[in-house]
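Below you'll find the structure I mean.
Chains: A, B, C, D, E and F, in written order; residue numbering restarts at 1 for each.
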Amino acid sequence: MKAPFVKDLAADQSITGFFLVVEKEVRNTAGGKPYLRMELGDKSGTVEARMWDHFEDPAKDVSRDDFVKVQARVELYRNKTQLALSQLRRAKPEEIELADFLPHTPFDVEVLYKQLQGFMEELKNPWLKQLVAKVYSDPQVVAKMKRAPAAKVMHHAYIGGLLEHVVGLCGLAKQMGAHYPELDVDLLLMAAMLHDIGKLEELCYERAVSYTAEGQLLGHIVMELETVSKVMDSIEGFPAKLKAVVQHILISHHGEYEFGSPKLPMIREALVFHYLDDMDSKVAAVRAALAVDSGEEDWSVYSGALGRKFLRLDAYLKEPEKKKEAKN
Amino acid sequence: MKAPFVKDLAADQSITGFFLVVEKEVRNTAGGKPYLRMELGDKSGTVEARMWDHFEDPAKDVSRDDFVKVQARVELYRNKTQLALSQLRRAKPEEIELADFLPHTPFDVEVLYKQLQGFMEELKNPWLKQLVAKVYSDPQVVAKMKRAPAAKVMHHAYIGGLLEHVVGLCGLAKQMGAHYPELDVDLLLMAAMLHDIGKLEELCYERAVSYTAEGQLLGHIVMELETVSKVMDSIEGFPAKLKAVVQHILISHHGEYEFGSPKLPMIREALVFHYLDDMDSKVAAVRAALAVDSGEEDWSVYSGALGRKFLRLDAYLKEPEKKKEAKN
Amino acid sequence: MKAPFVKDLAADQSITGFFLVVEKEVRNTAGGKPYLRMELGDKSGTVEARMWDHFEDPAKDVSRDDFVKVQARVELYRNKTQLALSQLRRAKPEEIELADFLPHTPFDVEVLYKQLQGFMEELKNPWLKQLVAKVYSDPQVVAKMKRAPAAKVMHHAYIGGLLEHVVGLCGLAKQMGAHYPELDVDLLLMAAMLHDIGKLEELCYERAVSYTAEGQLLGHIVMELETVSKVMDSIEGFPAKLKAVVQHILISHHGEYEFGSPKLPMIREALVFHYLDDMDSKVAAVRAALAVDSGEEDWSVYSGALGRKFLRLDAYLKEPEKKKEAKN
Amino acid sequence: MKAPFVKDLAADQSITGFFLVVEKEVRNTAGGKPYLRMELGDKSGTVEARMWDHFEDPAKDVSRDDFVKVQARVELYRNKTQLALSQLRRAKPEEIELADFLPHTPFDVEVLYKQLQGFMEELKNPWLKQLVAKVYSDPQVVAKMKRAPAAKVMHHAYIGGLLEHVVGLCGLAKQMGAHYPELDVDLLLMAAMLHDIGKLEELCYERAVSYTAEGQLLGHIVMELETVSKVMDSIEGFPAKLKAVVQHILISHHGEYEFGSPKLPMIREALVFHYLDDMDSKVAAVRAALAVDSGEEDWSVYSGALGRKFLRLDAYLKEPEKKKEAKN
Amino acid sequence: MKAPFVKDLAADQSITGFFLVVEKEVRNTAGGKPYLRMELGDKSGTVEARMWDHFEDPAKDVSRDDFVKVQARVELYRNKTQLALSQLRRAKPEEIELADFLPHTPFDVEVLYKQLQGFMEELKNPWLKQLVAKVYSDPQVVAKMKRAPAAKVMHHAYIGGLLEHVVGLCGLAKQMGAHYPELDVDLLLMAAMLHDIGKLEELCYERAVSYTAEGQLLGHIVMELETVSKVMDSIEGFPAKLKAVVQHILISHHGEYEFGSPKLPMIREALVFHYLDDMDSKVAAVRAALAVDSGEEDWSVYSGALGRKFLRLDAYLKEPEKKKEAKN
Amino acid sequence: MKAPFVKDLAADQSITGFFLVVEKEVRNTAGGKPYLRMELGDKSGTVEARMWDHFEDPAKDVSRDDFVKVQARVELYRNKTQLALSQLRRAKPEEIELADFLPHTPFDVEVLYKQLQGFMEELKNPWLKQLVAKVYSDPQVVAKMKRAPAAKVMHHAYIGGLLEHVVGLCGLAKQMGAHYPELDVDLLLMAAMLHDIGKLEELCYERAVSYTAEGQLLGHIVMELETVSKVMDSIEGFPAKLKAVVQHILISHHGEYEFGSPKLPMIREALVFHYLDDMDSKVAAVRAALAVDSGEEDWSVYSGALGRKFLRLDAYLKEPEKKKEAKN
C-alpha cells in the first residue's frame, strides 16, 4: 500500500511508505562526511530525502527508477519538507501499484481498446486489415499500447495517453472519409493505428516517462517503419506498391522536415492524416495547459509545446462582479 | 451567344464571337506603322489577336477586362493560332453570359447557399446568430458570395469556390464539435461563415480573378475585420468581450504571422478553425493538381501552392500491363 | 504621502507607508498554518512581505495591482530585507500619488503635448487634419496619451513615453519631408500621430505596465485600425481611397509579417515611416541600455530588445590611467 | 552501332541511327492534322524530331525512355537542327551500347570496385565486416553499384559516380582514423560503403537518370535503412545495440533535418562521416562547375547545387597579356 | 559622335555609329559556316548584330566591353530590329563620349561634390577630419567618386549615383544630429563619406556596371576596410580606439550578417547610420520602380530589390473618370 | 606557490594562498554596514569570499582579473564553502604561476610549435612561404600562439588550444592534398596557419579567457585580415591577385554569413578549408562534452556548441550486467 502521497507530507511526522527514486547520489558534507541524497516521487510530486547513517548497504541495492520502501521523519528545511531516512530498501514488485506513480488517462483503457478493435473490424482493404491485425496480434504490443503515453511532455503525457490519441484519430479519420468522398478511409485508419507504434519502444514509461537510448538515436518514426515493414514482408503477397504507400504515410506524418519527417506528404491521405494528428496533439496540449491553475483568471499557463498561453473562454466571457470600493 | 471558344479555333476560318480582353496595347512595326495587339480569352484559354487597320477608334473604347465582339480570320503564325481582326467593339452587358468566361464550381450554388442557411439556423448563441444573419442580410453580400472564388490561384479558384469552401467548413465544424465536446461549435460555425467575407472585396472576379487595389493594400483579413466589427457595433448590447473573441478568431485564422495573421490563435476554437481552414484549402489544391493531365502516369502536376507534386494513388496501385518486347 | 521607498528600507525599522501589490497569495507553513505572502513595490523596486496573524479579513479586500497602506517591521531574511506586516488595508485613491509608483519621461508632458498640437496645426491635407483632430478631440485619448508608455519593456517603457515617441516621430517626419521632396509630409505626420493610438487600450498602465486581455487577443495595430477607421467613416465625404491609404500605413508600420504587420509597406510614405518608427524605438532602447550600470566600464547591459550590448563611446575613447604596480 | 551523335548532326544529311526517347507526344497542326513530336537524345545532347506520316503504328510501340532506331533527314528550322523521320522502331537491347547514352566516370569501375573490396578486407569488427560482405554478396547490388550515379544533378551525376564517391569516402575515412585516434575507423568505413546503398533503388539510370516512384515516396535513406536492417537481422547474434548504432549513422548522414535526416548525428563517427560525405559531394560539384565553359575567363558556371560560382584559380593568378591599343 | 541610339533604329536604314559590345561570340550556321554574333548597346538599350563575311580580322581585335564603330544595315528579323554589319572596328577613346553609354544621375556631379566638400569642412573631430581629407586627397578617389554608381541593380544604379547617395546621407546625418543630441554627428558624417569607398573598386563601371573579380571575392566592405585602415595608420598619432570605432562602423553598416556585415552595430552611431543607409537605398529603389511604366495605372513595376510593387499614390488618389457605356 | 586549490578547500581550515579575482564588489548589509564580496578562482573552480573589516584599503588596490594573496578561514554557509578573509593584497607577478589558473592543452606546446615550423618548411609557393614566415617572425605572435585558446567556450578552450587546432589543421590539409590532387596544398596550409591569427588579439587570456573590446567590435576575421594584409603589402612584389585570394580565404573561412563571414567560399581551397576547420572544431567540442561526467552512463553532457548530447559509444556497446532481483 502506497500511502502517504508526497503532496500530503507534513512536518514533524514519522512515516513509512513507498516511492520512486527520481535521483540518487552520494555527497559529502563540508566536513567530509558522506551521506545519501535522493529525490523521491509519486504521481503527486517529488520530495528531497537524506540518509546520514548506515546508508552504504541499502544504497548499493537501489538505483534511479527503482521503487523503494522507506521509514523517515518529515522535516522542514528552508521552508520545504524533506525526509530524513532511517530505513531504506528496494520494494518488491508485488508491493507496488504502478498507478500510484504515474498520471493516467481519464478514460478506461479497456473500453478504449475495444473501440480500437471496432475500428480494426471496419477496415475493408484486406491487406491493410491483415497488416493491422498482425501488428496488434503481438500481446506485447497490446499490453504496451494500453499503458504508453503519447509523448514525454508535449501532449497526452500520461498512462494510456497513446491509446486515447489513437482512438481519437480513428474517429476523426472516419469523419474525414464521410466529408471528403475522395479519401481512402482505410489508409487513414491504418495511419491512425500504426503511426505511433514506434513510441512503444521509443519511450520508457514503466516508472517515469523518458526516452530509451534507441529512442533517442532512431526516433519513433524510424522504429515503427522497421516494425511495420517486417510485418508487411511477412504477409505473403502483400503488394510492393502498397507497402511503399504505407511506408510513405508513416515517415511523412510529422509533415515537415524539421519535425523529423524525412519526406513531406505526397499522397492525399498522408497530407490529411498529418493535419489530423497535428490538430489532435495540439488540442490535447491546449487542454493540458488549461487544466493547470495559472494564477491568472483569464489565461492558461504558458504552453511550451505551443509557444503561447490560451484564453479561458468561459472565465473571459463571464461578466466580472464590480469591485467594491475601498472602505477605511 | 458566345461561340466559338478559344480551344476550338482552327486555322483558315472566319469567325464572329465574344471574348474577354486580357491584355491590350498599341505597338509599332519595325517600319514604324502602329497596330493593335490584344490577348483575348474565355474559360477555355487565350489567343493572340492583331488589328492592322482602322483600329484607332474601336481601340479607344476598349480596355483590359472589357468584353468585346470581334470579326476575325483565324491564322497560323509560328505554329500557333492567331486572330486577324477586321471588326471590334465593346460588347453590351446583355450579350454576355459570364459563365462562358470563368470556370465554375461543380456544385449548384443555390443548393450550396441553402445548406449555408441551414447551418445559420443551427447557431444557438443569440449574439452570433444575429451577427451572421445581419452580415448575410445584405443582398450584395449574398450575391457576391454566390459568385466569388476562394482565391486567385491557391484553391477553389473558380466561380462559387468561396461558397463551396464555406459550406465545407461548416460541415467540418459540426464534426469537430461532435468529436471534441469541449469546443464551442457556434464559434467554429461563425468562423466558417465570416472568415473570408473580406474576399468579396479583396478579389475582383467579374471577368478574370484579380486583386483590387484595396485588396492589395489591406488584404481580406483586415477588410472583413472592419465589416464584421461594424455589424457587431450595430447590434445593441453585443458583449464587448465576445466582440474581441470574434475579432481574434478572424485575425488569427491564417495561423502564422508570415501568412498575414497579426496574431497567433490564442483561443482553442481559433486554433481548431485554423487547422480546418488550412486543411480544406490544401485538400482542394491537391484535388486541382490531380485534375490536370501532367504527362506522368503516377504523378500530378507540380502544385506551386503546396511546393510538391502528388501521387495518383489509383494509377500507382494498379498493376501495369507487361510491356511488349520490341519486335523488328 | 508615500514614504518610505523600497530602496530606502533598512533592517530593524518600523515603518508605515503605501505600496502597490505586485503579487499576493496565501501559503501554508510546513506545519500547516496559513499566512499571507505578498510582493509589494513602488517605482524604486519591490520587497517581500509576510503577514502571519489576523490577515484573513484585510487580505479579502486586497488584490494584485491594488495600492495598500501597511504598518510593518523591516526584517532581514537570508540577507534580504523583508516586511513583517502588523496592519494592512487598501489605500484610498486620494492617498496615492501615481507618480510614486511608475517611472516617468524626463520631459514635461504638457510641453510635449503642446508640441504635438503644433504639428497638428501644420497638416495641410484637410481630410487628414480633420481625422487627426477628431481622434484627439476625445478627452479620454488626450488624457491617456499624456500617461501611456510606448511599450512594456522594449522602448520608452515609462509614463509619458508614448507621447515622447510620437512627438519625436513628428519631428523626424518633418525632416524627411525636407530631405526627400517626393514625400507627402502630411501622411508621415498622420502616421506619427495615429500609429500607436491602439496602445492606449492595448496596455494597462495605471499601476504597473501590462497587457489587457483585449490587447493580447488583438494587438494595438488591430485596435487602432478600428478606432481610426470609425473616425474616418464619421467624417462626411472622407475619400474612400485615402481611407485605404491611411489603413495601409497603420497596418504596415511594423514593416515585417513576423512583427505583426499583416501587410508589408507598399506605399512610399509607409516604408519611410516604418524606418523612422523602428529607428526611434531602437535609439530609445540603446539609450535605456546605456542608462543602467552594467558593471563593465566599456559596455552597456545586454539589451534583450536588441540582442546585444552597446559600447559606451565616451568611456571607451577616454584614455585609461595606467594601472599602478602591485606594492607589497 | 550508335553513330551519329547529336552534337555531330549537320543540316541536309540523311541519317540512320539510335537514340533515347526523352519526350514523346502526338500534336495537331493548326489545320488539325496530327503528327508525332519527340525529343531524342544521347550523351552528347538532345534534338527535336517530327514524323508527319504513317507514324501511328510505330508510335504505339515506343515510350519515353525507350531506345529507338530511326531513319531521318536533318533539317534546319529556325536556326536549329531538327529530324524529319521517315522510319521509326524500338531498338533491340543487343543493338544498344548504354555507354553511348549516359556520361561516365573517368575511372575504370572495375579498378574502383577492387579498391572497394580492399577496404572491405580491412574491416576489423567482425559484425560490421560480415554486414558489409553480406550486403555486397548480392550480385544485383554489385552490378548496380558499378553503374549508379551518385545523384541526379547535384554531384557525381554520371555512370559509376556512386562507386567513385564511395571509394573516395573510404579513403577519407582511413585518413580521419589516422588523424583522430579516438575514431572507430570501422564505423566510418561501414558508413562509406552503405550510406548510399538506397540510391541503387531510388534512382533509375538505365537510360537517363531519374527518380523511381518509390524513390520519391521514400528517399534513399529510408530505402537503405530497410535493406541494411534486414541484413543485420539475418546475421545470427548481431548485437542489438550495434544495430542501433549502424541505423543511426545511416539515418543521420545528411546532417540536418532539412536535408532529410530524421535525426541529427549524435555519435562522433556519425558527425565526422557527415562532414566527409558533404565535403566530398561539394568538391565534386565544384569540379563539375569548373569543367564547363562558362564564357567567363575567371569564373565557373553558376552551380545551382552550391548557390554560387567558383573562381578559376589558375586563370585568375596568371598575368593577362596587355591589351593592344585600338589601331585604325 | 554617337548617333544613332539603339532605341531610334528603324528597319531598312543604313547606319554608321558607335556601340558598346555587350556580348560577342562566333557561331556556326546549321550548314557549318561561321559568323560573328554580337549584342551591341548604349544607354538606350541593346540590339543583336551579325556579321556574315570577312569578320575574322576585325573580330580578333574586339572583346566584350569594348566600344566599336560599325557600318550596318538595320533589318527586321522575327519582328525585332537587328544589325547586319558590313564594317567593324574598335573605337578610339577620343571618339567615345562615355555619357552616351551609361545612364546618369539627374544632378550635376560637380555641384554634388562641392556639397560633399562642404560637409567635410564641417567635421569637428580633428582625427576624423584628417582621415576623410586624406582619403579624398587621392585624385583617383575623387575622379571615381564622381562617376561610380551606388550599386549594380539595387539602387542609384547609374553614373554619379554613389556620390548622390553619399551627399544625401550627409544631409540625413546632420538632421539626425539635430534631432538626437546624444549622437556624435562627426561619426555619422564620416560613415556617410567612407562607408561605400570600397565600391570604387568593387564595381567596374567604365562601360557597363559589373563586379570586378576582386569585388566578388572580397566585397566593398572588406575593400574599404583595408583602404581606410591604411590611411588611419598613416596618420601619426591616430588613436587606436578611434580606429577600432571607425572600423566597426564600416564593417557593421549592412546591419545584418546575411547582408555581409561580419558584426552587428554595437555603437549607437553605427546603428543609426545603418538605418539611414538602408532607408536611403530603399527610397531610391522605390523611386526607380515608380519611374518605369508598368502598364498598371495604380502600381509600379515589381521591385526585385524590395520584393513587392508600390502604389502610385497620385494616380490612386485621383478620382477616375466614369467609364463611358458601350455604344453599339 | 599556489596551494591550496579551490576544489580542495574544506570547512574549518585556516589558509593562505593565491587566487584570481573573478568578481569584486562592495555591498551593504541590511543594517547598512559595507563589506567586500569577491568571487575568487583558479583552474579547479571558484569560491565566494567576504571581508567584513578593514577591507577599504586593500580593496582599492585590487580589480577584477587581478591575482591576490589572501589569509582566510574556510567556512560553511548554506552548505557551500566560503572564505572569510582576514588579509588581502595584490599578488606580485613573480608569485604567480599562470598554469595554476587556466587549463592547458594535453600536448607540449614546444613540440606542437616545432611541428608547425615543419609544416612551414614544406610550403612550396615562395610568396606564401614568405608571408607565413614574416607573420610568425614577430616574437609576440609566437609567444601568444603558444598560449592562446582557440575559443572562449566553443572548442579547444584552454591554454595552447589554438596551436593544437592549427597544427591539427595542417595535418588535415596535407591529407586532403594527397586525397584530392586538384587542390593547392599551400593554400590550405597557409589558411591553417593564418586563419585564426586574429584570435591572438580578439581574446584576452592572461588570467581568464574573455573578449577584448576591440575583439567584440571587430572580431578575429577582421583583425587578422588587417594583420595579414599589412604583411603582404610589406613583401615587395607580392602579386595583387594572390593577395585577393589569401584575403578571400581568410574572410570566408566561417563558411556562412551568419557565422560572421562577409563572403561565402568561392575558391575550391576556401571551401575545403572551411570544412576542415568546422569539422576539427566540432570534433574537439564532442571530445570536451564526452570528457565531463554527465551522470548518465550512455550520454555526454549536453553540448551548447552543438545543440545536443553525444552517445558514449563504448559504454553503450558494452553489455550491462543483469540487474539483481530485490531481496527483502
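Here are a few things to note about the model shown:
Here, contacts are C-beta pairs under 8 Å (C-beta built on N, C-alpha and C of every residue); 3 or more make two chains touch, one makes a residue touch a chain.
Keep in mind it's a predicted model, so treat the numbers as computed, not measured.
Chains that touch both chain C and chain F are the following: A, E.
One finds 42 Å separating the Cα centroids of chain D and chain E. Centre-to-centre separation between chain C and chain D, using Cα means, comes to 61 Å.
Taken residue by residue, chain E touches two or more other chains at 213, 216-217, 241, 245, 248, 266-267, 311, 316, whereas all remaining positions touch fewer. All chain pairs that count as touching, in label order, are A-B, A-C, A-D, A-F, B-C, B-D, B-E, C-E, C-F, D-E, D-F, E-F. Against chain A, in their complex, chain D makes its touches with residues 213-214, 216-219, 221-222, 225-226, 229, 241, 244-245, 247-248, 251, 257-263, 266-267. Every residue of chain F that touches chain D in the complex is listed here, in rising order: 168, 171-172, 175, 178-180, 182, 184, 239, 241-242, 245, 264, 266-269, 271-272, 275, 278-279, 282-283, 286-287, 290, 307-311, 313, 316-317. Residues 10-12, 76, 79-81, 295, 298-299, 311, 316, 323-324, 326-328 of chain A are the ones that touch chain C when the two sit in their complex. Residue ranges on chain C touching chain A, taken from their complex, read 25, 29-32, 61, 63, 89-93, 213, 216-217.
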